[in-house]
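You will see chain A twice below: alongside chain B first, and alongside chain C after that.
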Partner chain A sequence: MSDFFQLLVAGLATGAIYALIAIGFTLLWQTSQTINFAQGEFVMLPAFFVLTAMGYFQQPFWVAVLAAFAVSIVLLGVLFKKLMVDPMIRHGVLPLVIATIALALLMKEGVREFYSAEAQGFPSLAAATNVSILGVAFAVQSLVVLIVTAVAVGVLQLFLNKTRTGRRMQATAQNPTVARLLGIPVERMILYTFLINAALVALASVLVTPIYLAKFSNGEWLGMYAFIAAIVGGFNQVRGALVGGLLLGVVDNFAAAYLSAQYRLAMPLLILIVVILFRPQGLLGRLEERTV
Partner chain B sequence: MKKMIVAAAFAVVFSTTAFAQGTVKFADVVEISGGGAVVGSNWKNAIDLAVSEINAKGGLLGKKIEVTHYDTQTNPGVARAQVQKALDGDPYVLFGPVYSGSAIVTQALAKQNEIAEFTGGEAANLTEQKNPYIFRTSFGQQFAMPKIANYMRDVVKAKKVAVFWCNDDFGKGGRDTFIKEAKARGIEIVADLSSENGQADFAADVVKAKGSGADAMFIYLHEEENARLLRELRKQSVAVPLIGETTLLNQKVIELAGDAANGIKGHVGLSADAPIPQIQEFRKKYEERFKSVPDHNALKGYIGVYAVKYATEKIGKFDRKALAEKMKGLKITVAEEPGILMDVTWDKNGDLDRISFLAEVINGQQKITQTLPALGGS
Partner chain C sequence: MMRRRAAIYGVAAAACAIFLVAAPFALKPYGIFILTTWAVMTIAAIGLNLTLGYAGQVSMAQAAFVGIGAYTTALLTTHGWPFWPTFALAGVACFAVGWVLGYPALRVQHHYLAFVTLAFNTLVFLIFRNEEWLTGGNYGISNIPRPSVFGWEADRPRDFYFFCLAHLAVISFATWWLIRSPWGRAFVALRENPMRALSLGVDTRRYTLMAFAIGAGLGGLAGSLYAPLVQFVDPVPFALALSLNLLLMVVVGGSGYFFGPFLGAIVAVLLPEWMRFAEGYYLIGYAVLVIVLMVFCPSGLFGLAERLLFPPDKNAPAAQPKAQGEGA
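Up next is the complex of A and B:
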């Protein structure tokens, strides 16, 4: 039974990271119909910003993390929207999707060029120790990932539901035309979602890289898992992305432990197929509904 | 006029062969990108180092060595295509790949083209294909695993062992050989955990291993996966001895795993930390040129080039078949060829024999704790 709870917590920790990335997917989709296939690479890149700040600029880890957040928000938030999404979205969703695939390749190869194809070490957020809860030993690092993610999602929900800007963003997502008639600066609200997405991927990067190590190819699986999580949970619901991410993480861990390590990679795809067949709007998604 | 055209045609043809215009071509097909990039970059760098040293001293039989590197992308299919491409360039000798899964599919091409292939692969079956052109640059698993099993029984005193292995030719070969040797010594295998190349999350594997009641764990993965697994093992506070082979105690693994690497122990066939003057000299030169610590794969590549140099000088000509023939049963001593770093003997199958080491990682540094003699006593 101890194994069960340890696997559950480890799976939730991994799933929480998928959820952060998946939430970014849903936010961008709801406000700007942007499907960002470079989302995985968006998670891969901030870790290298941290390493650059630590190695090249000789900054301590926490300063490097803050610097990486700032750079991510500018590059992956503001510049991504201004230089890629705005010009491409006028031509429809498909050209933008292709453009983000190209961006993913560019980012991946760019990192490989500057940092080589070798993995790089990355500092952990917490010490590698266990804590005993009700007689079951849990890894502190997994608990830290869960707590940080819970706080981040909680703050995001509070921001969206309890602040004026958050409600304006929801209005923009529900109906941009009416929002504009009501005097809401729609463009600025959309920009905010890009900034939030950039912050979420930077956070996911800092949480996942101590486990995955910093490597140019990290985005491939992360992006796919998060995309599947968003679809499984419901592409039009933040809470759907959260549930989808957690579900994928837990199922992946249990599959590896109790079914087959060889077939664990197939499990997310299997879940995706089942959800698309029996509940195409996702577990918590709603048909034709658009809210942030 | 006709004679001139024929002469010109001959000149063009021969200018593209392995031995023309005062150069001799070496081809290196290795894992420059993909999951094996750590491995391939060390191997490639060391080959470049050895080649530049030989060229600086007048080359090989008076000809300058020209080495071309081809990237397998850590993919056996690509490796085969790249070896074919390399062979189209008509090289004198072939180096790589290091990954056993790639080496097993490329060696057939080497055999067809009657060219010696010096591989860094360690899977036991690489030298069991009746291929007279394949030569190892490190121990095969059939030589390394009995030493590990003895160490488990005699030093670690392990009775129950959990085995982590990667699901490819290298990992499967190592796993099979280790389990056979361990069982022969009365050691029970209580968890048999396979993982995929590039696997990032080892949480479930470690939970299973912890629950198995193992009093030691044997780890046989590739470098990056080793580092990720070690981090996860420390994250979950696993306290039993962690034992492995050369890849586990690799410099890159120690660097990537950080504190999580402290305390791991095992058998290493090659190590830049070995207390041997020639290896220390090699390490110094490598660090000066590439600004990184060489791992065992670098030593493999370096030794491979010097083995070719020695054998070629012995036969006195560039003859691919003669080179392969000369390698069988060849013993090279450091006194005769310092670049070989340690006295070594190749047998008729292409396997090699030399001294090896037991090592432990202490404070982020690999420390050699014991030197084991060559099986043949050389």
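Up next is the complex of A and C:
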């Protein structure tokens, strides 16, 4: 039974990270119909910003993390929107999908060429020890990840639901035309979602990299898990991404422990296919109308 | 205008054909190997261009079909089968699997479909890697024989190159015929506006499945040629990376243009070899090229060439009378 709880908490912790990435992904989709195939690489990259700030500029960890957040928000938020999404979105979804696939390749190869092809160690937010709660030993790292994610998602929900800007962003997501008529600066609201996405991926990067090390190819599977979490939970719901991410993390961990380590990756994929076939709007999602 | 365009394309196609026939006599075996790889990948890209460029269905599973085709031929020819039956079987098997995979396409669109096919590609990769009793797992299958045709052994690089080139030619003509048939037009209707196509009486259900299945089938045929080309098959080449690469080939060349995949495959297969000195920087440059191309010309290199060679009439009024004079 104690094994079960350990697996559950570890699964929830990785799932929480997937959820962070997936939430950013769904926010972009909701406000600007951007499908970011480079989302995984967006998570891979900030870790290297941190490492560069620590190694090259000799800054302490916390300064490096803050710098990485700032660089991410400028590079992965503002510039990504201005240079790639804005000129391309009028051509429809497909060119942007292709361009983000190319962007993923660019980031991956860029890190490999200019930083390193080897996996790099990354400082952890918490000591790699266990605490015992009610007789079950839990990894401190997992608990820290869970707490940080819970706070981040809580703050995001408060912001989206309780502040004026947050509600304007929701209005923009639901119906940009009406939002514009109501005098909401739609363009700026869309920009905010890109900034939030950049902050979320930077946070996910700082949380996930101590567990899996910093490597240029990390984006491949991180991105895939985030997509699957977003679709399983419901592409148009923040709650959906949260549930999808947690579910995926738990299933992944249990499948690896109890079913087959070789086919570990297959479980999320099977869930994805089943959900798409039987409930394409996702577990918590709303149906989207098709228009002519 | 149309005749001028046809003339330019005709001359270009003839020049390319002559180059393709003459080139292997001037190349070393490795150069011929690369050119053969180009021919094989072009076949896979032609299939994806049907699915994506003509029918508008995003598929990220083309590498899985190339893989299924390659394993089919690898397994059967190492057990003594002649090449062509395995070639046909690879095509038919992928057609069938593609048909089944097309079913999700009926329920969901764009990005969802992209992820279903992406998931499928990864599942197939896992099966290649883990089912060692069948596929040899990570060790793969080696000593795949080159085909022999009526006693003529296509064993040497140049012979095998012509063998693949002949298949490419036949497949190109078949696809050309298909695109100009009512089926091809139905595919385009599906891409442009599925709802309107449906309301005009196009059986969108059947044509979506068809587009998927034929694209997959061509992927299988490409894989079937790939196995005797490299003579060793393991799971790595058929991972998601190849699917994305094929997708980029189609889009960079110009999706929805018949010759788009040929050009895209040149950029993705031949250029990296000529740019060896650039090493990893080549991929960075390639990625930047794709992004810039998507920003300025989403219809790919072919769209760009069309735009430069045949500017729209209102932008170039001087060009029109000349073109008419030529046409008359």
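Please note the rule applied: the second predicted complex is superposed on the first by the 288 of 292 C-alpha atoms of A that agree within 3 Å, B and C clash if a C-alpha of one lies under 4 Å from a C-alpha of the other, contacts with A are read in each partner's own complex, and residues count from 1 in each chain.
The working rule: contacts are C-beta pairs under 8 Å (C-beta built on N, C-alpha and C of every residue); 3 or more make two chains touch, one makes a residue touch a chain.
Here the structure is a predicted model, which is why all the values come from computation and not from measurement.
When the two structures are aligned on the shared chain, A:137 is found in touch with chain B, with no touch to chain C.
Of the two partner chains, chain C is the only one touched by A:227; chain B is not. By the touch criterion defined above, A:87 reaches chain C but does not reach chain B. Applying the stated contact rule after C-alpha superposition, one finds that A:262 touches each of chain B and chain C.
Applying the stated contact rule after C-alpha superposition, one finds that A:215 touches chain B and leaves chain C untouched.
Applying the stated contact rule after C-alpha superposition, one finds that A:96 touches chain C and leaves chain B untouched. In the overlay built on the shared chain, the residue A:57 is in contact with neither chain B nor chain C.
Touch criterion met: A:105 reaches chain C, while chain B stays clear of it. When the two complexes are superposed on chain A, the residues of chain A that touch both chain B and chain C are 112, 262, 265. Chain A makes touch with chain B in their complex at residues 2-3, 6-7, 10-11, 13-14, 112, 116-121, 124, 128-130, 137, 139, 141-142, 210-213, 215, 217-218, 221, 252-254, 256-257, 261-262, 264-265. Only residues 32-34, 37-38, 41, 167, 193-196, 198, 200-201, 203-205, 207-208, 210-211, 224, 227-228, 231-232, 234-237, 252, 255-260 of chain B touch chain A when the two sit together in their complex. The touching residues of chain A, when paired with chain C in their complex, are 35, 84, 87-88, 91, 93-99, 101-103, 105-106, 109-110, 112-113, 220, 224, 227-228, 231, 235, 262-263, 265-266, 269-270, 272-273, 276-277, 280, 290, 292.
Within the complex, the chain C residues that touch chain A are 58, 103-104, 107-112, 114-116, 118-120, 122-123, 126, 129-130, 193, 195-196, 240, 244, 247-248, 251, 280-281, 283-284, 286-288, 290-291, 294-295, 298.
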